[in-house]
C-alpha cells in the first residue's frame, strides 16, 4: 500500500486521452449513466452538462407503454437502496415522440435499454429501434429482478440467454450490449454465451435481488415484495463479476454497481472494464458522473497514463 | 406504516417464550452466532456471557489442520467487510483437544461448521465428529467462497449438493444443517435438494463472492483475490433468499447476513426463519447477539406474542 | 445548475419534534414558488444515503427556511447539523400552488408540518383567506401567530382538543363551507383549497372539492429518490381529463395536483 | 466485560497529523500493560464500520491516553469526536512487552506513533535505558521531552535530517551497539530491544537481535477485525521453537512477539 512513491515519481502533465470505442460506438470518455437512474436525460439536463457524458443509457423500454409496479417502489437500506420500479416506460413510440427530440439536440450517444416478456417481444422492440433516429446502441436487459415475466428469467438460464441474444442480434444492426444477471454462480459462462451469440459488449451488474420487511406491519416494504439492491453495498460483488466476465471474453465490458466516486470506477477498469456506468449515485449527487470523469483524468495524470485504455485490465495479480 | 396503533393497543406484560427446537436441538432462544465470526467461543467469553446464546457455531473445520490464506485477509467496505480467511483451522483432533474442553464447561449448544475438499473428506469429517463429546450438531459448509477446492463449488451445483448432503447424512447421527450458497439464481431448488437428502435444517446466507482492488497499487487487496462480502450490505439480499428458501421447505431455516440489531433478526424470522445467526456484528459489538435476544423479547411483548415461533413466517403479503 | 452549497444561518428547535432551518441560498430563494421543495443531502449520513425532500417554508433576503419534524434517521441526523456549516441543497423542485386571482378566497388546509408550504403561500396570495390547521395535539399546531400577523383568519382543530376545537381539521372546514354556502351570493368559484398534510386528510379535502365543485390543490408527500423525475420512485396514480390512468411523479409532475387528477387507491 | 463506555476527557492536536486522546476509563486504566492496545468504535462512522486498534500511550489516574495519526477515514472521523462525548472502547487487549529485570538496559526503538506504547513501557521499566526514535521528518518525532523528563537517553534520526542525525533509526542504534559491544564487560544479555513501528524497521531490528544474540521484542501493526482472536484477520507467520510455521494472531497472540518467533515473508 505504497501510494507515496507513485504519487511523486511520475510526470504530472501528460495529456490524457479519455476516449473509448465500445462496440463500435465512439465515446468522449468511458463514463456512462446507468439505465433507470437517469430517466431519459432531460430530467438531469438542468442539473449538469449532459453532453460531457460518455453515453446516456435511458430507462428500460419495451414495445408498448408499461405501468410498472404499484408504490412503494424504493426503500433506502445500508449502503444503497432497493427498488422495484418495474420498468415503467412509454414504449418505443412514446419514447421516440416524447424524449428523442430532446436527446437528438444533444451531443451525447444514446443507448436504449430494452426488455420484453417473450423472445418475440425482445426481437420486436429491437427491430422497432431500427427506425428511431438518434439511437446509438441497444442494451439488452435480461436481468431485471422487478418484472414477473421476462427480465431475470432470461438472464439466469444459459439456453434462454443464448436464444434471446441470438434473436435480438438478428433484429438489430445497432451495437448490442447485453446486460448480464449477477446472481448466477458462473458469470463467465453467460458472458461467453452472449459473446458467441453476437453481442458487441457486455454490461454488468444489474441490481441484486433483495427484500425489505417492515417489522412493525410485518409487510414487505415494496409492493412488488422483491426488489433490486443497488449502490455502494453491491460494489465489491460487481467488481468480482466484472473481473470474471472480462477475463472470459474479448468484447468490451461495461462495469457498474455502486460507483460513488472516481476510485470505484477505476477499480472496475483495472478489473477489466472498458467503460463504466454511474447509477444510484446520480440520485444522491447529480454531478457524480462528472466527478468520476474528472477523477479518472486526474488519476491517469498522476500515474502517467496517456490513454484510458491503459487502465483497462491493468490488474496485477 | 402505522406503528403507533400497534404499540399502544397491545398488552405489555405477556410472558415471552424464546425457546426453539431446530433440527432436534433445544435452544434457549433463536439467536446463534455465525461460523467464523465467533472463533471457538472462548475468544468472546470475557466480553459477554456466552451461555445466553441460543447456540455457538464455531469456525469451519476440516479433517486436518489447515493454514488458510495468506494475509491480507480482510478489508472494510461500505456496509460491511470482505474476508478471505480461507478456513484456517485446527482440524478435528486439534479442535477437540484445544477448544472442546472449554466449550463442554458451558451451557450452550455447540454446532460445528465442517468442510472438505472432496465428497469423501466431507464424509470423513462428519464421521469424525461422532466421537467428539459435546458437539450438538453439524453445519455443512458448501458455500465458502474462499477456498480453491470444495466449498462453493459444491453449493452451486445441484448434483454435487445432493451428493454431498446424502454422503454426510450417511456419516453422521448429529442434527445436520446445510449452509446454502447465496449466488444461485434459484435458492428454492437447492433448499429442496438439501431437504430431500436428509438435511434437518438449512442456514443461509454465506458471504457473497466479492473483490476489492487497491487502485494505487492496482493489486487485489486480499491475497486470495476473491473474498466474501458480509455485514449490513448483504442483509436485504439475505432476507430475500431466506424468504424463498423457507417457502420451499418444511425443515427449519436459520437466517443470517447483516444482522446488526434486533430488527434485522426479526425481519429474517418474519420472512420464515426459525432461528438466526449474528456474524460480522460480533466484531463491531461483542454484545450485539445479546442485544438481538433482548430486542426480540421486547418486540414480542410489544406485539403481544407469547412464543417466538409466532414470529416465524408471519409475513403478510 | 440547481445544486447549491448553502450555509446554515440558523438552526433552532421550535416545539416538540419540530425544528427550523434557515439557509443562505440566494439562487433558490430567488426562484421559490410556494409548494415547491428542496432536496437536501444530509451531511451526517453515509455517502450512499438518499437526499430528503422538504417544502419551502420561507424564501426571503437570499435565504430559504425549512420547518421540519424529526421522524427518522435522516431528520434525526439533520437535527445535529451545526449553524455555520454547509448544506448541499438541490431545488427549488416541482410545481407549486397556482396563485389564485384576487377574486378567490384561498382556504389553506394544513396537517402538521404541512403549514410550511402554506405559509409561503399565504405571503404570496393576493387576497387574505382562512387557514385551517389540524394536528394530534397542541404541539403539532405550528406558526399560527405568523398567519395571524399576515391578517389571516386561523381555525384550529386538534384530536385531543388541547388547542382549537376537538376533532379533525375537515370538521372545522365543513363548518366554514356550510356557513358560506348558505350565503346569498355563494359561488363555488369564490374559494379554492390549498392543502398539505397526510394522505387521509388530502383525500377528504379532494372529495369535498369535487362534491362542492370548487378547486382543491393538494400537495402530496411521497418518499423520493432522485427528486428530479428520473427514478420513478415517487409515483401517484393520476388520471388525465380523458379518464386515462397513469403513474405521475410527485417530484416533477407535482407535488401539487388538483383533486380531480388524483386517483386514490384503497391499498395505500 | 471488557467493553467500556468511556468519556473523552481531552482531545487535542499535537503536531502535523498527530492527535492526543485522553479517556476516562478506570477499568482499562487499572489493567493496562505496556504494548497492549484498545479497540475503539469510531462513533462518526456508520454502524457496520469495524473498530480501530490503538496502543496504550498512558494509563494513569483512571484515564488512558492514545496518541494517534490521522491516516484514513477512521482516524479522520475520530479526529472530530468532541471532548465530553462518549467513546466505546474495548480492551486492554493482547500481550504486551515483558518488563525486563533491573539488570537489563532497555533499548526502545520507535518509528512514528510507535513511541506511544514505548512511553508507557518507559514509565514501567525498572532501569532507565535509551530511546531510539526515527521518522521521515521532525514532525514525526513525538514526545521525546517526556522520555527525557523520565531520565531516558534519547537518540533521534530523521530521513531528511530536520531533527537528530540524518538517516534511519537503525543507524543510530547500530552506533550504540558498536560502542557498547566494544566494552570490556559486554554481554548481549545486558540489553533488550522493545520496538514499535513499520514492518521494515521491525524486521531490521529483529535481524540485529538474532545476530547479536540478545532479545528483541517487536510490536506488530496489522489490520484487525475483531481484536479478540476470533476472526483470524490479523495473522502473522510465526514459528515455534521446533521450527514449525503457523499463522499467529497479532491481536491475541501478540501484538508483541520476540524476534525469533517471527517469520518475515518477502511478499508482505
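Odds and ends about this structure:
Labels A, B, C and D are assigned to the chains in the order they are written; within every chain, residues are numbered from 1.
Everything below uses one rule, namely that contacts are C-beta pairs under 8 Å (C-beta built on N, C-alpha and C of every residue); 3 or more make two chains touch, one makes a residue touch a chain.
None of the values given here were measured: they were computed from a predicted structure.
Interface comparison, B-C versus B-D: the pair with the greater number of contacting C-beta pairs is B-D.
Of all chains, the one whose Cα centroid sits at the greatest distance from that of chain C is D. With centres defined as mean CA coordinates, chain B is found 33 Å away from chain A. Chain B and chain C have Cα centroids separated by 47 Å. Computed from the mean C-alpha positions, the centre of chain B lies at a distance of 36 Å from the centre of chain D. With centres set at the average Cα position, the gap from chain C to chain D is 58 Å. Multi-chain contact residues of chain B, defined as those touching 2 or more other chains: 78-80, 232-233, 258, 260.
Annotation for chain C: residues touching 2 or more other chains are 46-48. The touching residues of chain C, counted against chain B in their complex, run 46-48. Note for the complex: chain B touches chain D at residues 36-39, 43-44, 46-48, 59, 67-68, 70-76, 78-81, 83, 85, 88, 231-233, 258, 260-261, 280, 282-287.
Chain B contributes residues 1-3, 6, 77-80, 82, 152, 156-157, 181, 183-186, 208-220, 225-227, 229, 232-237, 239-240, 243, 258, 260, 263, 266-267, 270-271, 299, 314-317 to its touches with chain A in the complex. Interface of chain B with chain C (complex): residues 78-79. Listed in rising order, the residues of chain C touching chain A in the complex are 1-3, 41, 46-51, 88, 90, 222-223, 225-236, 246-247, 252, 265, 267-268.
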